[in-house]
């Protein structure tokens, strides 16, 4: 049976604004399937984003949705979650939004380990503003502001999140569409701050400039570079050259979750009265 | 055993003609017609749902009962 | 003053902004007139309706946006519906006959031919439909000479595509002449 | 029964005022000279089940309170000059998305790091004009510890009533001086609750002007689902670029405040009935002004004071009326002339506006004001 | 020899103007509708050995240009509303530490994210009042592609001459429209170099007023060593809280600009000699105004235009003079009335100030202005 | 022979503003010794800080010194270094300045791998503003804004820096005073972005609140928790419980340095003319 | 009006702000007068000179800072040098005799005794020197009664230190009485 | 062999009396006098420089030739 996406999409809001072949739509579908799997209550679920193409996602989802300012999703969401810890709080956005201007809020959300799930749609570029390089654009690649090839090294978002203290980090790709929901389900179920990076593509501003002839070519690249963590264990460093690990990259359950810790502060404070 | 054919629903006003469903259909069921996808060979469909899964635009549904 | 207003409209990605720019460049750099080009676009830069406006004049141009449009190109039905409202009485309306089927009521000089298809079939690449359209607009409006317009086209495209564009421009120019004859 | 009294700093009083107003979320980032607010909130909030969070910076703090407010909390942040500048982008977000919140900003010497421990009044203009774009502004400038307490409560009330960010801006002198404060009983002062929707979730629109210029605001997690954005939006909260809607919505956002100046603008008139010279003052400077006016009266000079309690919206009407009645306006400010410009605008050339401007970290003393009063002929 | 001409957008012209002025460092963060500036700079700067860096956010971009300027570079950043709000804290740093830099801000619809692709003029107030604390402000509002080119050069010159941040603020229409531009030859337009110290490194003080209100600025790495801070400072650059020094330094920082309004303020008078009605306008709106004035003249109405080229410092003197001469002032703005308030202040009640305020993302068209001109009796 | 600190200190600027026993002075001395060892040219050396007690350091050092705004040292310094790549650029500041408000600039400087050295004086607290907790305050500890014990988990600065892409990360303590200069020397010599975290103490706002009876007690704690990386290799996980590794924690020399990469951009651009 | 101005000055960390606060509290909460306390400090909060000012009055207090000081406490030479300038003619000046050796010229009622040493030796803890000084200031200024001041002291210190502070206050009070007798 | 004694220079106006030098001197050479350190037993000094190294205030120098 066809999956009933409509149940989660606000009536009248499609078609969405994304370009033909933009990966963000594929990620949105994965998120919807995950929400359905978990049977989330729409009224008890907040979907929060910053600004960017990816950040337009909340407008389509029939929940409590918050399209904040560029880079600020994690900080707004922290406020929502602290005020209403019983809500499911899901953050969505682009690589630029999350790791450039939003980098500080991102690492601090990781540090606090507050129970929210952050889905980063990493298309290696600032799509919305027309294709300037982002902190995730690979070195040497072309963007509208790197006419001579990008001199900047890119972030490894997963490594950054782990370094900052996140307790669940996963990576998928828009090609591996049927895994997206599974990663998101596991992330939402995780008690603590979880990061799900989905590599996807911006054919419009990134693909053309970097000589990808079509959306399909870009999709196939995702297929080729991805190596599931399990498979990678059996591969040599050489074989892993240029590859990107996918699946659940990191998970720990020792570090306490932030709102639960704050509940204890309240207890202690009340006891002290 | 008779094979039941799925119904492939295409929402034209959502389809942006990105070709993804056409390319990733393992059985070459679909084709582009102008800017929009259309079904060229329903018989061949194995209901693998790849097209529905991959379409970024919620434009194609494979209805199987 | 001799203010002449053109509007190039269609869908995002059809290259109409470029067409407008080339027209304005032809007027202001090669024809010795003055010209201003401007455009507007929504967040859906790459879809939806898009427009590019060009004002051409012998003297300084103050207001850079259209007031009453002398000539309108509409490459889609949506654009045609949306942007005809201020086309002046007796103004020129060029449409792609395949895509614009519902023509507006009003006293317009309507010219229509299958612009995209001409690009695809006669020139060989759909991507130069905007230059076909430009050629047609140059022919229809007479604001710049064919030569100057061609110069502007050629100075605006990458070396490798010069021939393609020259061809597109010429065919557009000719088709419009024929269609309006 | 005698009321609870205490001997508190302005900043401490502010925190207690917020608690009285029902504040249950504080998001902040420490900065001199406002830290005491956060410190008191960190102690008191969890006692009543509220949340205190120290964010990674002022932008994060502003974002957190906006998020919490949308989730139904009554929210406060506190800061000072550099922090206020950093918050500006999101203050604009609060304005366009119409999210109640209170920003308590202690004015210290600027620009930039300036003089962190010295008083100033030089943030009053950026209270109105700091963020880009058109937006409403409400800013209160208390002049005593008790008033700081009360004005913070009023700020919460105005913020809820008009669904917009409200600033309270004491100067460092008010923020750090200590006075006796008498706590009102519960119920004694008005506390305005958030206007919640009366319609069902299906019918709810977050900017539904059929309920007037200030539409009810539902909370996330309360059974309502809706969309909030910082883009220009329609009544249902979704973005639009339709010219008529954008114009109408922007105008409404500003009108909410402008059409209600009489409800919002407060001031104090001191010995104005027969005054020839009026000292217009706000915050701690008004205390020096009152002192000076008293001395002037003793010396037979008909001086009076108009004390601005609500700096924004500016008391245009009142100043215009005054300008027609007096011979001169004296404006002492701990900045290089900000209120002064507004007074000139309102005075319309009818009376001279004489400024006393100090930005050296020292208070303006009564003598300086007295001297200026005497300059008015 | 004929000059080089091109058909460019305002933003592209701005980048080329900066290069003409000797800009050799650009630090930015992309934002619609200003991205073309960064894009052109990323192509052109390295060709001349200059540096282009895309920072992690607007705050970082502002910080980077200030750092680079201290290291001797001529620096530019470009942004739009939300980015301008974020830069405010560090704009104040540039003011107090007196670091030359040019901030190019394209005005789009606000507040907050607002309407990123729609034009507005609603950042003009935060150009002056955005950052906390007292500080000087220079802001230019060009009205054509050619003028954008030239005003960016002038901005660099003013920035070096007065050792202070300078803003150039086209609205989105000017930024994105294309016109023919004629490039000046090298040497044709004035390019003001940085005033470097004439004293030896041992004697150098970065705020040495014995050289006047604008002391010479040495570059890091040029043999001079000195200290720079955002705290109130002494002439040697080290922090102080001494009242006299702080007051004197703050006043000097503002006086640098205020005492030189005649050098800084530029404007255009169009058909004003016998005008009864004056349209005051700036940026793209002035083009509609000129159109309307022409039509009005054709219809026998004595209309004229005063075009503000330098928005800050505001042309107080000129407007005050005009107010004494005309019957009415019409001010069309793509905001809800900002310049209008300044005009009211300057008009001092002598003439009515009639505003046309649009914030819907559409340009103000000549008809609207003409209509308003006719309202003046 | 006594070390000649005076050579590097601006005349008339001592005594410095730091409290009795504040570790920042010890770090400053280490920095001075390092500068002397490397024989840096004062005029060619920029010392850049943000705001905080630690950030007051540049005012004392006789070089090109820049006391920026809170959190912005790395971004200002990036401008200085890009404009004058031949200068030595040294950043100094506190844990709050560097990892709270300055966190984004910090991780991006790490990512770019721009050749600067960042000395973070980590006293676990916002000293200058009177002892509010910082992102480095240990969980459970007391600060003026954590009256019931800090619910926040702290950053591991080294882990964060590595996650963000720094190529040299070291850690020392104010107790191990004679190692400070050695770490800094190695950091400055490293071509790329180097981070040197020095654990030091704020007796005034942190010590008292957390029941350290004296400066000496705090010093001794530093002595006890520190374990040199070499020594740690031979220790069990149990033995390492509650310990902090010191020495050079991470070093790699593969990632290219940023200004050198940009020089190549300039070459490519000039070639394209 | 009965405006009375006190200034407590010394080095950062000597607890003079606290002393000022307690004095003001005594007046405003316990004595039924009105009082305002304010302070100023540099970035060197924990060193350098620091001052705390208290205004006491029967009626409302407008200007919260000192105009002419009635009574000044100076716990260091630096503070004494810096803060005596606006002590009024005939005003009270209390100094620590060990630390303030250069007394200002002028018509002041100068009282001096070794305040810190009294705290160390007579009370047993140097840390309560500020309360010793406060006791002395209460005695010398007569603005609040001994009882009310003591109440203010005791309500301002942690339970465990009540006795210590009571003792410090009393000794300060007595010493000042003796010294000024 | 005669031991040469160092000169221990204390800059009183820099010393903040933090005790660090006193506590970390291995030979108990130093002591506090009021708020400032002073030398109590120079003979015992082994010129280890610990005091100079650790003093946060540049207040003590061990001069050894």
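Read from first to last, the chains carry the letters A, B, C, D, E, F, G and H; within each, the first residue is number 1.
We adopt the following convention: a residue touches a chain if its C-beta (ideal position, glycine included) is under 8 Å from a C-beta of that chain, and two chains touch if they have at least 3 such contacts.
All values reported here derive from a predicted model rather than from experimental measurement.
Participant: Relative to chain E, which chain's C-alpha centre is the most remote?
Facilitator: Result for the farthest chain: H.
Participant: Contact counts by the stated rule: is the higher one at E-F or D-G?
Facilitator: So, comparing the two chain pairs, more contacts are at E-F.
Participant: Distance between chain F and chain G based on Cα centroids, please, to the nearest Å.
Facilitator: Chain F and chain G have C-alpha centres separated by 42 Å.
Participant: At what distance in angstrom does the C-alpha mean of chain E lie from that of chain D?
Facilitator: Those two chain centres are 29 Å apart.
Participant: What's the distance between the Cα centroids of chain A and chain F, rounded to whole Å?
Facilitator: 31
Participant: Between chain C and chain D, what's the gap in Å when you average each chain's C-alpha atoms?
Facilitator: 54
Participant: At which residue positions does chain H touch at least two other chains?
Facilitator: Expected reply: 16.
Participant: Spell out, as numbers or ranges, the residues of chain A touching 2 or more other chains.
Facilitator: 19, 51, 69, 100-101, 103-104, 108, 128, 130, 135, 147-148, 152, 262, 265, 268-269, 272
Participant: Hey, what residues on chain G touch two or more of the other chains?
Facilitator: 42-43, 45, 47
Participant: Which residues, counting only chain F, touch chain D once they are in their complex?
Facilitator: 51, 69-71, 100-101, 103, 126, 128-130, 132-133, 135, 144-148, 152
Participant: If we count contacts the way the header does, which residues on chain E are in touch with chain F in the complex?
Facilitator: For this pair, the touching residues of chain E are 24-25, 27, 43, 45-47, 49, 51, 53, 55-57, 59-61, 63-73, 75, 89-90, 93, 201, 219-231, 238-239.
Participant: Give the list of chain F residues in touch with chain A in this complex.
Facilitator: Those in contact with chain A are residues 100-101, 103-104, 107-108, 111-113, 135, 147-149, 151-156, 159-165, 255-256, 258, 261-262, 264-265, 268-269, 272.
Participant: Contact residues on chain A for chain D in the complex?
Facilitator: 10, 13, 42-44, 46, 48, 51, 58-59, 62-69, 72, 75-84, 86-87, 104-105, 108, 262, 265-266, 268-270, 272-273
Participant: Can you tell me which positions in chain H touch chain F when the two form their complex?
Facilitator: Interface residues on the chain H side: 9, 13-14, 16-20, 23-24, 49, 52-59, 61-65.
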